[in-house]
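In the part that follows, the structures are each spelled out as structure tokens.
The two complexes that follow have subunit A in common; it is paired with subunit B in the first and with subunit C in the second.
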Partner chain A sequence: MKKKYNYVVIILMLFMSFCVVNQGIAQELTGKEIIEHTESIETLKDLRGSMEMQIINKSGKARVRELTIIGLENEEGIEKSLIRFLKPSKVKGTGFLTISNPDGPDESYLYLPALGKPRRLSSEERGGNFMGSDFTNEDMSSCHEDYEHNLLNIEEIDDVAYYVVESVPKTEKMQQDVGFARKLTWISHDKFQVLKMEVLDINGKIIRILNYDEYQEIEKDAWIPTRLEMATIESGSRTILEYKNIEVNTGLTDDDFSIRQLTRPL
Partner chain B sequence: MKKLAKYIVSHSKLIVGMIIVITIMFTWQANMIEQRMDFEDNIPEDDPRLSIFMELRDRYSQEDAVTFILTGENVLSRESLITVDHLTNILLNHPQIKEVNSLTNLTEFAASEEGIRSAPLIEEIPENEEEAKKLRTKILSDPWYVNRLVSQDGQSTIIQFQPIRLDVFEERLTLFEEALELVSKNKENLQINFAGPMAVDYEGEKILGEDLQKLLPLVLLLTLIILFISFRSIRGVILPVLTVILSVIWTIGFMALVKRPLSTITNIMPILLIGVGSAYGIHIISRYREGLSIGLEKSQAVRLSVEKTGFGVWLAAITTMVGFGSLVLSDFKMIWEFGVFSAFGVFSAFVISVTFIPAILNLMPALKVKKVKKTVRLKTSLSPLSGLAIHHKKVVLVIMVLLVLISLIGWPRVKTEISMTDIFPKNSELVKTEEIIDEKYGGSSQFIILTKGDISNYEFLRQMESFQDEMVKLGTGQPMSVVDMLKRLNRAFHEGKEEYEALPDDPELIPQLLFLLEISAKPGELEDLMNFEQTEALIYAPISNVMNFGEKKELVQKMELKAEEIFTGDNQAIISGMPIAELAATDIIDREQMQSIFASVIAVFIIMLIAFRSLSIGICCMLPILFTIVFNFGLMGFLNIPLNYLNMIIASLATGIGIDYSIHFYIRYKDELKIHHSYSKAIDETIRTTGTAIITNALSVGMGFAVLIFSNINMFKQFGGLITITMFVTAIGALTILPLALYLFLKKQELRTGNESLIEINLEKELYVKAKN
Partner chain C sequence: MKRNILFVVTVVLLICLTVPVFANNDMEINGVLNSRFDLEFDSVNIDPFINGTLELTIANEIASDSFFKLEAELSTQKEQILRIKEAFLDFYFKSTDLRLGQQRIAWGKADGINPTDHFNPVDYTRPFAEENRIEIPALRLKHYRNDWIIDMVWAPFFIPSKFPEPGSRWLSNGGQMPSLPSGYELNDFKVEPLIEPEFNLENSEYGIRISRWSGTIDASMSYFHGWQKEPVSHINMIPLNAGLMDLIIEPAYHIIDVIGGDFSKDFVDYVVRGEAAYIIPEEEHVRNPYLSYVIGFDTYISDKSYINIQLFGEKESEKKNKLGLTVAYQYDLSDYSQMEINGVYHFSDNDFLINPKYSREMSDDFSFSIGAYLFFGKEGTELGQLSDKDFMFIELKKTF
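Up next is the complex of A and B:
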């Protein structure tokens, strides 16, 4: 079955990726092991917060969006998320509800306040862009098993040692789907924090650069970046994502991810 | 001149050596010359319509798109779709291609059983013909695709690609060539045609190159023949031709040195120089032969030729340079360049003629000249003209006045037009393709309408919508804008029902649909449709590239009126795109035409005043030229030849070349007057001697240009024909109108003695007396 990706699952992944487990690591790690170390935190059940998204075009003009976000992974392993836009004001209340199902197709709903009732959406393309930003769905997903990971070398930047890991799509078909040939990730030696990621095309030219910044410790030894900046080289545009008021394990339930919640006035 | 003459005789070898060294240097440079035919490169940007066009082009880079049309029995069959898909992917893989739009990669919002989705129109190629048939019915019944991507009959489809920004012209041509090769190799059973600005550049470049290769040798050959007939000596042929070849090398070398390419217009410069440049040499050689024929020794004859013709040739060169050079006032880069470089070419030809030719003549053994034969031959050939000028002044006057009156009737009929068919023959592949696109897709050129207002505002979108409807009624192809995207989206949100393919009635829904559109796109992807701030939206509407110019102009005027009527308040619409750029360019041609006539006529007139220090002589010499200019426009009016950026230079060329005839004629006339002290005798003698040189020159210039009639390029044909006629009219004018004017304007005293001017001929009497003894 074709793998489905949708906006909200990806947002969740953004939150849950790049958290760090930095204890008891053997010295000789492979590329794959390093990448695996940056995967999600076992104890994370749910989270809530808000996000500001700034899309800046090549002439430096910015478009600002503000949204709230909640996410949950319930006991059956189903991931749920709900996004509501607060800004721009003309679209206030617009929302996406996504329920991912490990065994079947995702369920996804869009709510436009002017339409009154939500509409079901079908799935997104894998190489598509996230909410009209510079982030592509694929850049942010962490399907590590789709890639071959190689540790290229260890580089020192500002007195911190970083692993440089190259990730190459396993098949040519995959490569066509994701729209790039390989990506390079810089991961810190001590905390397994990602510093940056470069996405390259088939000619070795950099297409996009993603910088991770302002790591926040959400649980003991678990860090997430709260500021991400993605630049698209050719178009000259970039997008800054900033997370605010992040709380984890606040006791969200399935009821918080219902159509009623999606259409509730803000 | 005297010093120069002496120096040339004493340092002949040094002069020849120097000219050869300079030529070698320029040859080395000339090898690096580039060729270019680029309409947009030529556009002056200070015109507001053109600056908007260029700005839109830079911002949205829409004008560079290349369109391939694939034709077959059924382009929606499984087999054809596989080919289209394959071609799309091949093009997409080219590193210089940014975007490809085709049936098989088109993404759209649609309602489906699963919900609303933004997905490819054809997600998977149909597995069998049965499925392909269903798809065919679906696509052909949807106005969104028909006439945009697929023709109504399902027999043709379009693949359009957008290159990355390539500023170097050659890179664009190479990309086009590569794309064409890729497509041709993989087209399977489908037939391929291409169109779009890049294709036009590519074909133009090809046709221009072929044309020149064909025509230049012919021009040279013709000039050789004419020269041989007049001089009956190898030297008389070789030297003027050599002068021209050297001056062409110098000019092209100079162009390469200052890094300017050959353009459509500068391409004809070699032909121009063959005519103009050879004249200086011809005059020098003529005088040299004359000197020999009256019994002078070789070095004396060389000195005489430089001293006597030197001033005439010098004045002729200056006035020609000024006449051509006046084109620098043009806002068109191509014409500006033509002005500068042709002036340089004339200057080179002049320098070579007054130094290199005499030096060579001095180094070679004297020509054997028979004394009487030449004069007899000339007398018989030109005596009717001479008789006309001397004995039938009234006839000349009446004919001239009549011709002027008739021409003045024709002149206002001249229309200014720029069109693709100026360059491409009507039966060429490109023009035929344009016609296919016109018929099936509304045209390969496009209007771009820049609308200003709040895009999330319902009223503004309604105004855009009704303007689009009006455009179709006026005759453009199906327009496309954000309005159409919103309609499509609205339909998707209403279970795909056809009646919802409209702007939503609820004004609040619009910003939300717009937002959805925004978050479904890549950053910058929607900037072809609207700006980042969403205060400007673009409407694209296809329009024929080969449409009759008058109709196009009328259409634009109607569109402008509609735009004013429909867009109210702060909302507004500015019509732009290639058709507007062409219209703006024709307005500039109109304006500059008069400007360039005045500039060249006045500049040349001032030089004449300085040289001859007489208002009446200045006026006399200008009369044949003014007559020629009026005649030329009259002719264009009656023959329905439009004014374009090539033949707008005819007036300046006629002035620059024509004034030479007046100058040579007048100077000779003055010399003869000093000997004969009689108007009639002096005129008769002048027509027999200088008159022949003038006719010979007009023949060689005219024939050079006449060769252009065999060009494949329409614009060149008309230009060649016109300038050939113009040259003859000026030459005949110099031999008839000028004598008449001299008779009418100069006081009887001057007619007998000539006026005292700058031209002091010191050697003359001495030499003549010596020769006669």
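Up next is the complex of A and C:
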């Protein structure tokens, strides 16, 4: 399985956690169809907004990062993202530009203001978490094609019916790569909103829990979670991501994802 | 003098244009407070060096199509207490950006050693600082067209590299006294004063760099015309009667033309970077034209470890070629602590430097690092001459 750069994660998280209201969809859905439905919104072309990330250790001490994000899928199917850091001040102005080509190698560039010039990065990176947070690539950016999805049951929580879908890595090697054995996702029956995700190890023990919250309707019947909280059970740490001022289909173009924009001072 | 007047004019202009922004509540001042303690562990002499710096940065948009930045540094270093690092105005047009003012022009894709990078002089009073280039007043125009960037720079003033003053820690022992022809004895020895080039249009520096950033490879070609920022000494031997000889050293700055190129390409797991420049001194008696080059790669060996290796060298006709190696290895001990080892080795002189370092982020705005610089090699070699200046350091950094 290919691992994208960590900073692509936060863009993908938004793109992948969109959900559209269940409008006359057949009731007998498979696990795969349910997962696919949570990720599909054909009218989404681009996205812009800002994000605050709080990384809280077990003693309650928090570190805060603020960044701006823009993302685009152009007509050729090329996905582009540009992230600029606003806080903390030591990383202010740092930027990541990523261009995912469907038919060719991906391009990734880092800009550090102190260096004064962009720097090409390798298109793959081995694991690790995102900026010291509890999020990993595997939690959020993994492609659903890499998993077998099974609908386990339908559970009712607070008078809302949820599909419980189990996702298992297709191969043993992939299971070793991702560091978990399976994950369970609770998806609402009516709006296809993800409520939470549990990541489990080979013994069935929960490693991490991700809660989705504060859904915002960004287009008619299309919702996005603007608050995500990931807790790592063993370390007792947790990370809260809050998206702000999210706008979609704002008319971004390829020119907004260029070396020029990456290196422009903040 | 003219340079000082123009600098003052630039700063005044900058202040006038940015007054509306100062009035704006969104104005933000960022800074870094750095405190560093160096301890040389020479067997005879143990000297501590304590240096503190405070960097303040004010930067903001003036309007949607313009930006300003002012960065100043206050230092306890006696050579320079106050230094304006960057002070520029940006203007953004449809496909062109204009930057006017004191700035850093960083050309080249290699790490640390950039044969194509000649605009900014070097501050040799801080040879091992993270960034030891001196910003210069310049006008820079970048034109963007699809994947292409045309970067044009004009720098009207000559600013030389900065060397340590007498008594300074990093002052080298100087070159050896040239040997006289047999049968002669030294009568008089004199060093002529070093004269900086006059400020006029003819003495200004300029350059152009055309680069392309694409999915498969990033590459650029560049041309620089300007001054070598370090003086070259000419030795004048004047024979007198009775086997005596006067020796006169005439240090002078010289013009160079530099034709260069660089590239970077990623091969999925690793990135290869290369950079080369052909440097042509305008006066041939100064030095023969020579080729300077760097080629290397960097990659993540595992989730936590990163390595960067570069081969660098110089090739000059009728002279011994220089060849060296840089290695940088980083290992993440945790999300907030890192161990790194950097090294430089010169094959030709068999001298080398090892720089281990441990750093830890105590919080988002406070970090601590400890490390050492260890020099090895024969006296007279670039790194060997520092072998009695091995030192360890402790650095505390607070950002706000």
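Assorted remarks:
Just so it is clear, the second predicted complex is superposed on the first by the 247 of 266 C-alpha atoms of A that agree within 3 Å, B and C clash if a C-alpha of one lies under 4 Å from a C-alpha of the other, contacts with A are read in each partner's own complex, and residues count from 1 in each chain.
Please note the rule applied: a residue touches a chain if its C-beta (ideal position, glycine included) is under 8 Å from a C-beta of that chain, and two chains touch if they have at least 3 such contacts.
It should be emphasised that the depicted structure is a prediction, and the values quoted were computed from it without experimental measurement.
Superposition of the two structures on subunit A shows subunit C clashing with subunit B. Legend: residue contacts after superposition of the two complexes on their common chain; A:N203 is shown touching subunit B, with no touch to subunit C. Of the two partner chains placed around the shared chain by superposition, subunit C is the only one that A:K117 touches, whereas subunit B remains out of contact. Look at A:S188: by the touch rule set out above, it reaches neither subunit B nor subunit C. When the two complexes are overlaid on their common chain A, residue A:T38 makes contact with neither subunit B nor subunit C.
Judged by the touch definition given at the top, the superposed model places A:P265 against subunit C, while subunit B stays out of reach.
In the superposition on chain A, A:S81 makes contact with neither subunit B nor subunit C.
Of the two partner chains placed by superposition, only subunit C is touched by A:I99; subunit B is not.
Shared-chain residue A:R63: touches subunit B and subunit C both.
Residue contacts after overlaying the shared chain place A:G132 against subunit B and subunit C alike. Only one of the stretches 73-81, 127-135 or 145-153 belonging to subunit C overlaps subunit B in the superposed arrangement, and that stretch is 127-135.
Overlap of the subunit B and subunit C contact sets on subunit A: residues 63, 88, 90, 105, 108, 114-115, 119-125, 129, 132. Listed in rising order, the residues of subunit B touching subunit A in the complex are 95, 98, 112, 114-119, 164, 456, 493, 504, 506, 508-509, 511-513, 515-516, 518-524, 527, 532-533.
Taken in their complex, subunit A has these residues touching subunit B: 55, 57-59, 61, 63, 85, 88, 90-91, 94, 105, 108, 110, 112-115, 119-125, 129, 131-134, 203, 232, 234-235, 237, 239. The part of subunit C that touches subunit A in the complex is made up of residues 30-32, 59, 67, 69, 90, 92, 97, 104-109, 130-131, 142, 144, 149, 213, 215-216, 218, 264-271, 273, 298-300, 302-304, 332, 335-336, 363-365, 367, 399-400.
Of all residues in subunit A, only 63-65, 88-90, 92, 99, 101, 104-105, 107-109, 114-129, 132, 258-260, 264-266 touch subunit C in the complex they form.
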